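Structure record follows, encoded as structure tokens.
As written, the chain order gives the labels A, B, C and D, with residue 1 at the start of each chain.
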Amino acid sequence: MRVKVLFFGRLKDIVGRAEDSVDLADGARIEQLFAHYGARHPELARFRASLVASRNQEFAPWSTPLHAGDEVAFLPPVSGG
Amino acid sequence: MRVKVLFFGRLKDIVGRAEDSVDLADGARIEQLFAHYGARHPELARFRASLVASRNQEFAPWSTPLHAGDEVAFLPPVSGG
Amino acid sequence: MTPPGDDIFRLVVEPIDAAALVRHVRAGEDGAVVTFDGCVRNQSHGRRTLYLDYEAYEPMALAKIRDIAAEMHAKFPIHRVAIVHRLGRLQIGDTSIFIAVSAPHRPAAFDACRFAIDTLKRTVPIWKKEYFEDGAIWADGELPPAPAEAPAAKPAS
Amino acid sequence: MTPPGDDIFRLVVEPIDAAALVRHVRAGEDGAVVTFDGCVRNQSHGRRTLYLDYEAYEPMALAKIRDIAAEMHAKFPIHRVAIVHRLGRLQIGDTSIFIAVSAPHRPAAFDACRFAIDTLKRTVPIWKKEYFEDGAIWADGELPPAPAEAPAAKPAS
């Protein structure tokens, strides 16, 4: 199944792109999607404890199962205002 | 000694004037000045507990002694803002 | 944090230019400006208000507003303050009081702005007369805290 | 107290027109408008700031801002809300966030406005990059509270 992935702030700088699209095994969870990028970008993996994920624009736990067409984003600490 | 007296808000309506000037015995206090007007305007006397006085633009207790040239004001509850 | 000369305190009869006051209080060091805009409501205790008249004991009101600003600077790490009260006849929706406070960080700006309006409503000699279709009344207000009486006042010398 | 359609939520790249937002939120029933204006400071932790870039996860940021307003209406007796955040490059003194809250009485307006900015800074996906003379950094921020993990997640079916 294919999901859309977004990176923001310093995560975008680390990964080198703001948006990606990947094929995952059915039943994959957000943590597996993150591991996919963490393996390619060790610096990203180190941010695991200081970021949150969203699925379809709602904050989502790492254990959230994904479905085809989902939009997942990895969000560093926010600094708006 | 002569002092200037100011009335504001409903006190001005009761007394019928905003400003007055009176001669008082030396050593008179604010409470004696108020009694002077209370005797002429019984409705004013009834407001004694719900007003404060000022002397030379500072809140002042009723027992404050007055001096020639002082400016005394009688101030109902404030409602600015 | 600022010479008091940079603050603005005014009693005015013309409409209050809020934008100009906000521009005045903020500078490069400030991350926050909090404002309070008190405006004339269309009703009071369920009666339809037509308009208001505000009057002040002007020199004392300005002195008390200055006292409030001095206390704001002493209590909160703020930068500049503007406090402007309008007097005379005000229509529904008109701004009667505008307070702007700038600060490097927002908690002080919020706390100081709220302190200013809460204190002003208790201590500044300004009065509001409310006009309704069937009459007018002086608004209920708050009695400023008077200094304590001298416990045993001696006769004046 | 108001249909949510009367509130304003925007992410903009042009300067924020604060006066228009204040005019929008206030109506005859309101006695108070409290605003928060967050502006770009000239320094950060003692380093001189040149300018900032703000970016957002825009649809989610707008949804989270709407959530904040819904919570404001649920918690406080307020009338209308305007929350506008500017994105892109901002210079020193530019307003990055403007919040206006109207209410019949001032305590709700103060409480709701402060709740709005405090919550926005914790939960809305917007990020700030600070540019200094010797480099740029993503500002330290706050980690939004993520929903709890399922205690024993079952394999996805």
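General observations
Basically, a residue touches a chain if its C-beta (ideal position, glycine included) is under 8 Å from a C-beta of that chain, and two chains touch if they have at least 3 such contacts.
Keep in mind it's a predicted model, so treat the numbers as computed, not measured.
Each step here moves to a touching chain, and the least such steps from chain B to chain D number 2.
Ranked by separation of Cα centres from chain D, the top chain is B.
Inter-chain spacing, taken between the CA centroids of chain A and chain C, is 51 Å.
Distance between chain centres (mean CA atoms), chain B to chain C: 24 Å.
Centres computed as Cα averages put chain C at a distance of 27 Å from chain D.
Note: centroid distance chain A to chain B, computed from Cα atoms, is 73 Å. Multi-chain contact residues of chain B, defined as those touching 2 or more other chains: none present. In chain D, the residues that reach two or more other chains under the touch definition are 38, 117. Applying the touch definition to every pair of chains gives A-D, B-C, C-D. Against chain C, the residues of chain D that register as touching in their complex are 18-19, 22, 26-43, 92-93, 104, 106, 109-110, 113-114, 117. The residues of chain C lying in touch with chain B in their complex are 38, 54-57, 59-61, 63, 85, 96-97, 117, 120-129, 138-150, 153, 155-157. Residues of chain B touching chain C in their complex: 6, 8-10, 13, 26-29, 50-54, 57-63, 65, 73, 75-81.
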